[in-house]
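Both of the next two complexes hold chain A, though its partner changes from chain B to chain C.
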Partner chain A sequence: MSSAATRKPLPLKIALWAFVTIWLLMAAFPFLWTLWGSFKVELDFFSIADWTNAITGANTERTHGSTFTGAGYDGAWVQEDFWRNVINTTFVCIFVVCTSLTIGTLGGYALSRSGFKYVFWLLITALIFRAIPPITLVSGYLPVFFDWNVWGFLPTAIIVLVAINQPFTLWMLHSFFESIPKELDESAKVDGCTQFQAFRRVIIPVMWPGVITTGLFSFLLAYNDFAVTSMILNEGNRTMIPAIAAFMGTTQTEGNVMFAVAAVVSATAPLFVMVLFFQRQIVSGLTAGAVKG
Partner chain B sequence: MKHRTFFWFFLPTGLAMLVFIAAPLVSIVTQSFFAPHEAVLIEVENCGPFGCKKETTIDQEATAALREAEPMGRFVGFDVYLDRGHLAVTEVGEAWRNADGLGEFFGTLFNLPFYRALSFTLTYTFVCTPLLIALGFAIAISVNALHRKLKGVVIFFSLLPMIVTPLVGSLILFWMIDSRGVIGNFLQYLTNDPDLSLKASSPLMWTSLIVYGIWSSAPFAFVVFYAGLQTVPKDTLEAAQIDGATRWQQIRYVTIPHLMPLVTFVALIQLMDNFRVFEPIVGFSASAHATSLSWIIFNDLGGETQQLSAAATTSVLTVVGVAILLSPVLVRTWREFKGRT
Partner chain C sequence: MAEIQLRNISKRWGAFVGVDNFDLTIADKEFLVLLGPSGCGKTTTMRMIAGLEDATEGDILVDGQRVNDLEPKDRDVAMVFQSYALYPNLNVYENIRFPLRVRGIDPSTHDEKVRRASAMVELDEFLHRKPAELSGGQRQRVALARAIVREPNVFLMDEPLSNLDAKLRVSTRAQIKNLSHELAVTTVYVTHDQIEAMTLADRVVVMKQGVVQQVGSPTEIYDKPANDFVASFIGSPAMNLMSGVMSGGTFSTEYTEIQNLSAPDGPVTLGFRAEDAQVVDSGGQINAPIYTMELLGDATMVTVRIGGALVSVKADKSYRAEIEDMVSIHVPSEQCHLFDAQTGARLGD
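Coming up: the complex of A and B.
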């Protein structure tokens, strides 16, 4: 591609570079700014007097004797018990991802290997369910959960999140299993395996790339959910995101916005690490649905 | 695969969706036709030294008994749909008759909670979606022209706004745009108006919510288009070059037509997702200036008194909205399915 016809003139090159740089700044700068500011005091993070304070930390030095302080993190994690919410989130995410993948894999595999008409209708139903905002279902959950006394507990939230996850999981895994040749399990069946044995011995060993990609998105859904979890978990069982929202309500009046800032940075860190390690899988997952149309 | 085997494979996931998605949908439709019982009133005659007085009080026992007997509430048909908090038929009719001109009519309409939320939700959906597609496309074209080693880094940072939790992302942006934050400060300096504040102005709040929407979803469009760009047929591009097409003409007549199916895909996904806009309103504490349908449901469900019936009615109306947005996809899929069999 380095022929004379495709070589770019200099002004175009500069324009491209400028545009990419601006976009990178837009995408990354807010995160870096907040990370930097989370180690300052509120007067520096929201510096009305002089914006350079946010970088130099003049007020932080006056209060704590150093330009960096862990006071926000200390306040959030120790004083406000944010570690409890972190444990809850970990618990919810692990169980949601495992359950959702187990039943989703079975369902997605069945959908890809059955040629009957109802497969189409099941997939369409799943698509409709995927489009419905989860918050609209909550007023259907609440009366029943109150009646059965299961409102507020983590297992309830896990089951609900697994169910909300299913439509998307089914679509992703269905299209992934379609790409695994049918001859593989057909020949296993000819050799005398039942359908389930064929699935276990032939399909399971080769399905991990698709399952990992789908798992990442299940994880994101469970981790990022705010509307549903904040409605069906009680205060003691809150996960991270509802807890941050609750911080905003209580801490703003006490002047402890920095607790919320520290909590926000803590909640972003795992996602950052995830993108670092699984960038390729995330990209392929995002495009999987698109390229097939 | 036999029907029987299929059934057992599909049972767990099917059951989960049936119990936790399909059943709640039925439940919200039912709930929306019922309203909470009104308190049972009784007239008691209080006779004192100054004569007898008739007083109306709430009969606590009878009220509790009635609520116990019929926990669903009383059947009201479509009343909840038509009341002031939802479609507000009476108010709209009155406004239509009394208003001088369309401006005043829409002014009145905008003060009704449902229409207020609907107007923001629709504006957000239909402004964000085309803009984020345009931005995503521009980024994809530019990144594709970069050196290979740089691409990975750019994609990594580009993914962040989309991957990050919506509430967290909106808080991060809000703290910067806020009048005390760095961008807010900068804007005050630019406009030379020290009182410029997001919290005081509806147009500014709407703009910044839409900016958040574009910021958080453009990466999705970018990644999809970038993948599509890798499959643009090279020989068509070369043919266009030989015919003397300029760079812009190559993009306009070769690349864009090739990416068109992807544009439709991104547009549909984003229309669905933007329609449920909710977290940024909480993150920006924007409810005084902008509300959305999801926000109304959340607000009705939270708080001291849980207004289940009102929330269920808004939920049904939201689902109807989603169905309207989704109908083109469903019709298309149905035609394809018909064509195949």
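Coming up: the complex of A and C.
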């Protein structure tokens, strides 16, 4: 099966496997630790007396009669209505992804097919805006939002997130479009398409991997954002990340930190599912065979 | 029915002239080849006919109607691209069907039309494959089928064979020739390969740096090149060109003296084709040491070096000599072409 060129000596093989295993354990440890700990009480998970309590769950058993408890989840989801934050996040993510992909694909396509020199400068400007830390932009936005009485609402956060996200989306999609040969557009036009039909019927089907990859990045940005959402949303409209931060912030009661841990696990789980699902879609090389290769 | 008139069309990008004052009428059902080295404006000319490039000046007329301001889709042309430009996400069948679908042609006729087009280019077995699963020659045939499927008024082919290997090029060339005979549609074909031009064309346009050098049938262009550029571009090998001086009807240069020519005295360029001259025992017009010998199988190519230029002559396939041996070459004066030394324009007849 393996050719002589790829066959490795046994010690090297063992070393490689050991390295990969250790690396995998180290990478997975924080997630597994948090997942395990989310079913304990705070006295166990953050135990000062004995760190093994976090594993055995001694205090959890004393409080709830079992080494595992769903108290953290119950507190976050039922008492604190974490599901509202989930809905808010879903809403924000869907709109951020749709808006930035719409503008990004149309804009990226137009820029990639335009022969003018200003395209380069437009993209450089976009890159500069992308380089500015989001928090500096937010502080600039705030007075205006207070003035217009739009502070605290989800659409406001969506607009700001799109604005921060757009330069990156535009760049990424622009370079994907650049990789699609212009002959495809021309061929479509000669075959009877308008420019927009060529875009919709010929270019976008070839572009799917690029659109999905870019969409995933812009989803992650909206999903994980803290700077913008924590500053711009009011308490009732919080998305998941500022809500988790709020759980952590109020440490007067014993359970609240565990609410945060449970919420973190709840927020991370869908990301795993999503990346696993889309990793098969994020394939390049779909254009193979379009032109001579 | 489609007669294409190009009236003094020019294409400029800033100060750069891509095509300069191109004026030509392409007759209905004619197979016209635009021939020239890369960067000569032949592809630009074709793209202007297709509508992919705007003409800076001049009018393009199809059947007497000005089409300059029409979108490519409204010009009823079909184009075959050098890089094939197949739609990678569609299979062969859907690729061929695409023009029918976007143009809203009655769906009940699609299947028949696609199958007829694919049969013409012998693609029937590959209809369900994706372009990525095809060889270069097969991809090119898909592109051809996609062009012929909706029976356009005009065919445009942009170096369709230049990405194929030599053997496939010959067979695909024959296929295109046969196809164009069968379809009888006005065709504009761009190539830098003079053999393709000679074999396919009804008429050839030779271009250089945006300027038309000569328009004529392949025979005319081969037998009576309008200038030294056309002479050096057409034919395999290209025409031998020697610079020398005319004096009283005699051309002379290093190792060479050819009599009985009619041209005014002064510096000229003389050209003749390798197959028009013969190697003789003695008394030839050229007597020079052999620079190199090449065995071609059906003939032997003897090359001498005259004034820096290589001059080749076809000899019998059994002819053998050593490099540096003296050779005598008979050049019949009636087979000689004379060109102006400065302008390169053809002199006489």
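The rule we apply is simple: the second predicted complex is superposed on the first by the 248 of 293 C-alpha atoms of A that agree within 3 Å, B and C clash if a C-alpha of one lies under 4 Å from a C-alpha of the other, contacts with A are read in each partner's own complex, and residues count from 1 in each chain.
Here is the rule we use: a residue touches a chain if its C-beta (ideal position, glycine included) is under 8 Å from a C-beta of that chain, and two chains touch if they have at least 3 such contacts.
Source: prediction; values computed, not measured.
By the document's definition of touching, of the two partners only chain B reaches A:16; chain C does not.
In the superposed model, A:131 lies in contact with chain B only, and not with chain C. By the touch criterion defined above, A:71 reaches neither chain B nor chain C. Once chain A of one complex is fitted onto chain A of the other, the partner contacts of A:46 are limited to chain B, with no touch recorded for chain C. By the document's definition of touching, of the two partners only chain B reaches A:224; chain C does not. In the superposed model, A:183 makes contact with chain C only, not with chain B.
Look at A:93: by the touch rule set out above, it reaches neither chain B nor chain C.
In the superposed model, A:139 makes contact with chain B only, not with chain C. One of chain B and chain C touches more residues of chain A, and that partner is B.
Of the two partner chains placed around the shared chain by superposition, chain B is the only one that A:106 touches, whereas chain C remains out of contact.
Within chain A, the residues touched by chain B in the first complex and by chain C in the second are 286-287, 289-291, 293. Residues 181, 183-184, 186-194, 197, 201-202, 205-206, 286-293 of chain A are the ones that touch chain C when the two sit in their complex. By the touch rule above, chain A contacts chain B in their complex via residues 5-6, 8, 12, 16, 19-20, 23-24, 26-28, 30-31, 33-34, 37, 45-48, 51, 54, 102-104, 106-107, 109-111, 113-117, 120, 122, 124-133, 135-144, 159-160, 162-164, 166-167, 169-170, 195-196, 220, 223-224, 226-227, 231, 241, 244-245, 248, 260-261, 264, 267-268, 271-272, 274-276, 279, 282-283, 286-287, 289-291, 293.
Across the interface of their complex, chain A is touched by residues 50-52, 71-73, 77-79, 81, 83-89, 98-99, 102-103, 130-134, 136, 139, 146, 156, 163 of chain C. By the touch criterion given at the top, residues 1-3, 5-6, 9-10, 12-14, 16-17, 19-28, 31, 71, 138-139, 142-143, 145-146, 152, 154-161, 163-168, 171-173, 175-176, 178, 180-182, 185-186, 215, 219-220, 223-224, 227-228, 231, 241, 247, 261-262, 265-266, 272, 275-276, 278-279, 282, 285, 294, 297-298, 300-302, 306, 308, 311-312, 315-316, 318-319, 322-323, 325-326, 329-330, 333, 337, 341 of chain B touch chain A in their complex.
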